[in-house]
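You will see chain A twice below: alongside chain B first, and alongside chain C after that.
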Partner chain A sequence: MRRFLSLPGGFTLPLPSRKHDSPPASVLPLPPRLVLGLQQCLPCVQPGQQVLKYQRLADADSEYGVALHAPTSGRIIAIQPQAQALPGAPLADTLILEADGRDEALPLQAGDPSRLTPLSLALQLQDMGVAGNHGPLLALDWAMQQCALPLLIINAVEDEPYLAATATLLEEQAEAFVAAIAMLEQVLRPARIVLAVSQTDSSEALQAAVSQHGWQVSTINTPYPAGDETTLIRQLASPAEAAHSLCLPADAVVAAGAAILHGQPCISRLVTLVDKLDRPGSVQALLGTPLSHLLNFAGAKANYAITHGGGLRGYALPADQADAMGLHWHSQCLQARTPDTAGQQQDCIRCGDCLRICPSKLQPQELYWHCQQDNVETANAWGLQDCTLCGLCDAVCPSQLPLLDSFRHTALQYQSTQQQQQQADHARQRHRFRQFRLERDKQEKAQRLAARAAEQAAKREQTATAAPQENKPTPAAADKQAAIAAAMARAAQRNSQHLEKQSTSSADDRQADARAAAMAASRQAAIDAAMARAAARKAAQDAAKAASAGSQQVDTTAASDDKQALIQSAMQRAAMQKAAQANAAPANMDADKKALIEAAMQRAAAQKTAQANAAPTSMDADKKALIEAAMQRAAAQKAAQADKAHAPGKPEKPENT
Partner chain B sequence: MTSTTMRLAPSLARRQGLTLLALLPGVLVLLMQQGRPALINLLLALYSSLLTDMTCQASRKQPLATSWRQPDCLLTGLMLALMLPMATPAGLLLAACMMAVLWRHLFGGTAHGPFHPVLVSLLMLSPWLASPLPAQNIALSLALLAGGVWLLWRRLNAWQVPAGFCLVLLVSLPLGTGWLLLQPALWLLLGWVMTDGNSTPITPRGRLIHGQAAGLLCVSFAALTHKADITPLLAAILLLMSAAAPLVDQLLQPRQRT
Partner chain C sequence: MNVLVFIALLLLAVWLLRRVMQHNKQQPEHKDPRPLAERIDAILPQTQCGQCGHAGCQPYAAALAKGEDSINRCPPGGEEGIRKLAALLHTDYLPFAADAPPSKPKAVALIDESTCIGCTLCIQACPVDAILGSAKQMHTVLAAECTGCELCLVPCPVDCISMRPATSSPSDWRWGYPVIVIKAIKSEARP
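Coming up: the complex of A and B.
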């Protein structure tokens, strides 16, 4: 007879007496079909496919998922959404396996734990489908950190009423349990290992095996929620160890031992079945066994209700869907209870019992109020996240309010909204980056186009005025160092140089040729300006669009190079033009001037349209030079500026070239 | 779909039944002391409150059986019959019971009234209560004390409010207010009214402070006035403290365990 454990507030938790010779766990007959929920895993088989026992059916879809293996041989009938044996019976993808009864198995390969690192062990456990309380038994991110493990707690405490599976496991599979802990010790190398057990009598059997390994057995005598991970760590770990110690449930440890030492994936577990007479009995059941099959085995007749879990944390499941819901790894206990109509919830009388008994020192009556109002924010402010869902407040409530149900519901709801919010944020970020990328590509393309147009114009002009009148080499080497945008400036510079040269040469003797060349040059300049204008307008449009999109980079160094080149060329041109003017005949001057003015007018128009969009430019250096030369350059310069400077023409980029 | 978890505490109806049962020693003592008029008063109070409650239930379209399944109204009637003096006219007793039950239903039944119906009824009828209450009834006081202690032992009552009140009362014994301890009305209010969660703070510290404040007010008034009839005064003090209960609750939140 176990002693009654007194709870805070003076309540006592009646725990079923456990005999020393409890009946051994029976093995469930093979069900005709298995219903395997795909929680956080992706199926790797097709409907209609024939599978063997131990064959992998689904892979983990993230680092928090675990793989799923076929519990028996058979055929996959369907993969469809069905109700799960989880709180609220949510719909999720379910794999339905029709057993063929032959139970043909894949050969198992025994592993060698001596070569495993913590990370490879964690990965192997995930592939073998060994789940802990949250996700895989060993969290992958923990295993990746490779920090030293000061304390490993094996949690065999089972203090919730009606749960008996772990105790049966310890009694019947003590050798496997010890071997599994030894394997974990070999791989994880913890500084010390503590076995937390809840009863002294069964731990005596383990004592002998445990003492030779140097492990510590600790009997937990604190009241009910002592089997929680956090409570155990708080109780057993010293403050220095608490942050890094690990607490693993005993049933999962045994499964991990089987998976690593014998290569056997996790396909079954011990379930406590509580019949109508409150007699708990343990049964080894395959994962995915329909709940109706289990309850029929336990002797439940028609018109039963299903409670999934122990006496305090258990939750009700719809009995009419018992065929569709399959056993999962966290199904420790199933109770077949007839519907209890006596329990009618009434209004809170503020007796304060829930407040007295709450192990987390919360105020369940306030929490309940806010949870009923779906006021998640306020419920969190009252500590909903600190609630361990132990169910004690529900058990002591005289008004029989569904406190635990509403807390669980609201917590799950909060969790799912958080996940959705996270996904939405992620998608929004992705979308923003895509928009930015598209704009950036467009701008780069526009720049490239403008540069190419300017280069083509320059080339065409070179071929038109192929006369080898160049006295000095073009400053190609210096220009190439500048960025793409500087090409346009180069083109304009080259353009004006040719023009000056033409006029100077015409001053000597070949005036007619020179005039024709000047005319051609001015026409070429007009064409050049028109093309540059078009490119500038296009770039300005792109830039205006991009301005709304946002962040982008400006090649300021290229721009300053560009400016310097422009100033240099303007100075050269000014000097040359002065020389030309000194020598030129007035008639030729007139003709030349006319052509130049014509071209200049056209360019000025282009400049005006560009300036309407462009930011104020710093043309001081150019203005000090001759105005004509500046106007010649202006079109090309505009194009370049509109490409580079105007695109980010926003407050965050106050400095333009 | 509700979970069928195990119940560690009695249900609301059973709880109220046990609270009613705790009045049994007091009722027996009263019957032994007073005989027939006490019996008539008790029956009158019980019947009137039960009938008023059933009428209210019918008007609210609730099942009539609630009236005796959850014997709230019986508790109210019994308390009034014990508290009011034997010489109270039958009409006044009837009015008191009806008013208390109506007050409870005015706010939606058992768990909703901001002030305790017995207190409200006592305070409203205090101008017409001619004769002083039966003072210094040692046997009745002891019987009621025994019932209250039994309720505390069964954990049906929170101990903080009565403890706070008694603490102040015992500390202030040198002031000459010891006669308060022999008033049956005091023990009745302590054990059955001040332990009602609806009109007291819900946090343990809040309840302790609530009881101490009520005790302080009661002792100071008693020491100043030396008035034998303490019941209306106590009722007024407790109503005042009930009004302050939400404030106390808000100021004294227990620290959450993180």
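Coming up: the complex of A and C.
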């Protein structure tokens, strides 16, 4: 049934058989004050407030956070940043609760698991402060998906040296454990349940209880990194189940059972205290108990160093801050070591032990080399990101090189470098957007100004064109002169006409004849004939007069000769008259026209000069003024730009945004 | 017979040579298609503080790409930044210029909100728009966006802006560099 996965590397650790040396868990006396870290929650109480046991102190801050409840009754002294019992003792907000010793508790309400859905169970567990390996025991996003659960693994494997809390828990609270698993089965409805236990744990009571429910107990006897969630799933789940199966730690399952079945929030846990202690063993301790209180209870020597966690992956905590650091849910084990246990570090002798034991098939000696050089990129190329930080290489190294510390340092260094790069990219993006925004604002302002200037110019043009028609203040003198000149010209014309009339009274008739002749070419012949007749008559009259008055020679000439001579003379006279007419009339016309044309030209000239003097110059002046103003503005803008460009930090004109 | 063996060996040698050449061709030197100024800009810390004498990180990157400035003028980038720039530009590592301001740990501006008169001068000076506020209203700094460039300190007429070290959360924490514990050796152990 069970398949054994052939994991590379690993190491079967000489774990002690717990049947002989697992003392019953003792209950810790109430510490005077509790130090509760607020890493994944927001406080809902005020400093100075009196709280009861099980009262909620903080709410989950996100879907990955869990709530916090008061482990005992007392008063909140302060909420302040303090060192946490985490790797490197980082500062985080901490709630300090002064116990009053009365341990007054709120009444607990037992819940009914039959009406719970996976999502409501996950929310209730988060509310009760039951934490798993990654935030709440049941991840909310997993519970939201409501997908079928093929396999539920309860992880009771303790593969590291010194870890014994879970084994003690299973021995002492087997009934609660079985009830908790039954509750989870009722709500989550997994296809099958597997209990993964260590090789050394073979509690008959548990076996019997489990076989009643039809669960499967799987003894894990693979080499060391076996208690990992991922390793267990790889080992126990079939490939089809692997993607959707769930692996829950046993201690959190017991806490979940207490929370759902009895309504008791998660306020305490079992802690293993080992090494150099008078009374080593497992202790039921309230969350937030100062580490010094725990270690003093176990009888630690005065001068000790604290290691938090198991024998392979544990990390050191500063012993001088042990008072200020409180126990948290992930504190499974505390070791009090004498400070001088650190071995003598030597050079790498290329033995290859780390290479053979590495479960991730890496080459720790090469990785160590690159990590020592702070060469993160090369270390990544050698597979630093695949390192599970199991600590086996560190444990087997004969030269006692700080391999695990180096890998942890470099891996986190890489992470922080990536974070910094992301922040820099973000800053670059914001800076570029700011530049774009400033440029856009400038362009919009310029467009606005240009539109306004164009509007003003159009208005000014309108007023300029309207002015000469209405009032013409500046060209008044020129206009007057033009008017006088025009009047004079008109008077001169009238005078000349009058004189002409006086001098030639009969000129009008002839002028009319000539004009008629010129105008109507068709009537020319008739007129000519009439004129010839009239001329003939006149000539006859003249000839009669001349004959009567003068010589007799005329009378003696022949009739035909007389008539011809008369006609010729008449024609000559008519021609002479015509010529006289033609000479006289054009001359008069010329004089009139000339006078008119001169007057008109004078007027035009006067107008032109008036315009040239008055309106155009005023327009020019206006335009010039506008252009000059615009140029000045442009120069000022340029100067401002140049100032900005040269000294970005220089204060600009305040701008009301 | 000898000739045949010789020819076979020759063919094998030619084949091997071709394989090697193909292998070399398959792994050409990785080339970034971006222009040099942009690659330099990607290394620079984007504080936009102007301590290099340029108006921002991008102008400094452009000047470096043209070879008009030296690589040791960026205090926020630190020595690590100089090394990266030297590797990218194929130049030697240079220590910080003597006249360059010293490198400081990352800090975040903090406005004393009771003193602030709402003049908006710091808002106009901030290169990443990390200051919030409007005229005659109190201003405040978005700590997550602040690059610690200190450009807002100078224009403030009431000197209400101070630089505070960037607060670190537990998630920012990283393992310290492993330190070798030095032990005193007993004097009689020495020869």
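Operating definition for what follows: the second predicted complex is superposed on the first by the 368 of 657 C-alpha atoms of A that agree within 3 Å, B and C clash if a C-alpha of one lies under 4 Å from a C-alpha of the other, contacts with A are read in each partner's own complex, and residues count from 1 in each chain.
The rule we apply is simple: a residue touches a chain if its C-beta (ideal position, glycine included) is under 8 Å from a C-beta of that chain, and two chains touch if they have at least 3 such contacts.
Keep in mind the model is a prediction, meaning the values are calculated, not measured.
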Exercise. Which holds for A:G352: it touches chain B only (first), chain C only (second), both, or neither?
Worked result: first
For this session: Using the touch definition from the top, say if A:R430 reaches chain B (first), chain C (second), both or neither.
Result: second
Exercise. Just chain B (first), just chain C (second), both, or neither: which does A:L273 touch?
Worked result: neither
Exercise. Is A:L91 in contact with chain B, with chain C, with both, or with neither (first, second, both, neither)?
Worked result: second
For this session: Look at A:S406 in the shared chain and tell me whether it touches chain B only, chain C only, both, or neither; answer first, second, both or neither.
Result: second
For this session: Could you tell me if A:A180 is touching chain B, chain C, both of them or neither one (first, second, both, neither)?
Result: neither
Exercise. So, does A:P318 touch the first partner chain B, the second partner chain C, both, or neither?
Worked result: first
Exercise. Which of the two partners, first being chain B and second being chain C, lies in contact with A:L123: first, second, both, or neither?
Worked result: neither
Problem set entry | Shared contact residues on chain A - chain B and chain C | 340, 345, 402, 405
For this session: Quick one: which bits of chain A touch chain B in the complex? Just the residue numbers, please.
Result: 7, 9-14, 161, 305, 307, 311-316, 318, 335, 337, 340, 343, 345-353, 355-356, 360-363, 365, 383, 386, 391-392, 394-400, 402, 404-405
For this session: Over in the complex, which chain B residues touch chain A? Could you list them?
Result: 1-12, 15, 109-112, 155, 158, 197-198, 200, 202-204, 207, 253-258
Exercise. For chain A, which residues count as touching chain C in their complex?
Worked result: 39, 84, 86-88, 90-92, 340, 342, 344-345, 402, 405-406, 408-409, 412-413, 415-416, 420, 423-428, 430-431, 433-434, 645, 648-652, 654-657
Exercise. For chain C, which residues are in contact with chain A within the complex?
Worked result: 41, 44-48, 50, 55-57, 119-121, 123-125, 127-130, 134-135, 145, 147, 151, 154-155, 168-170, 172-178, 180-181, 183
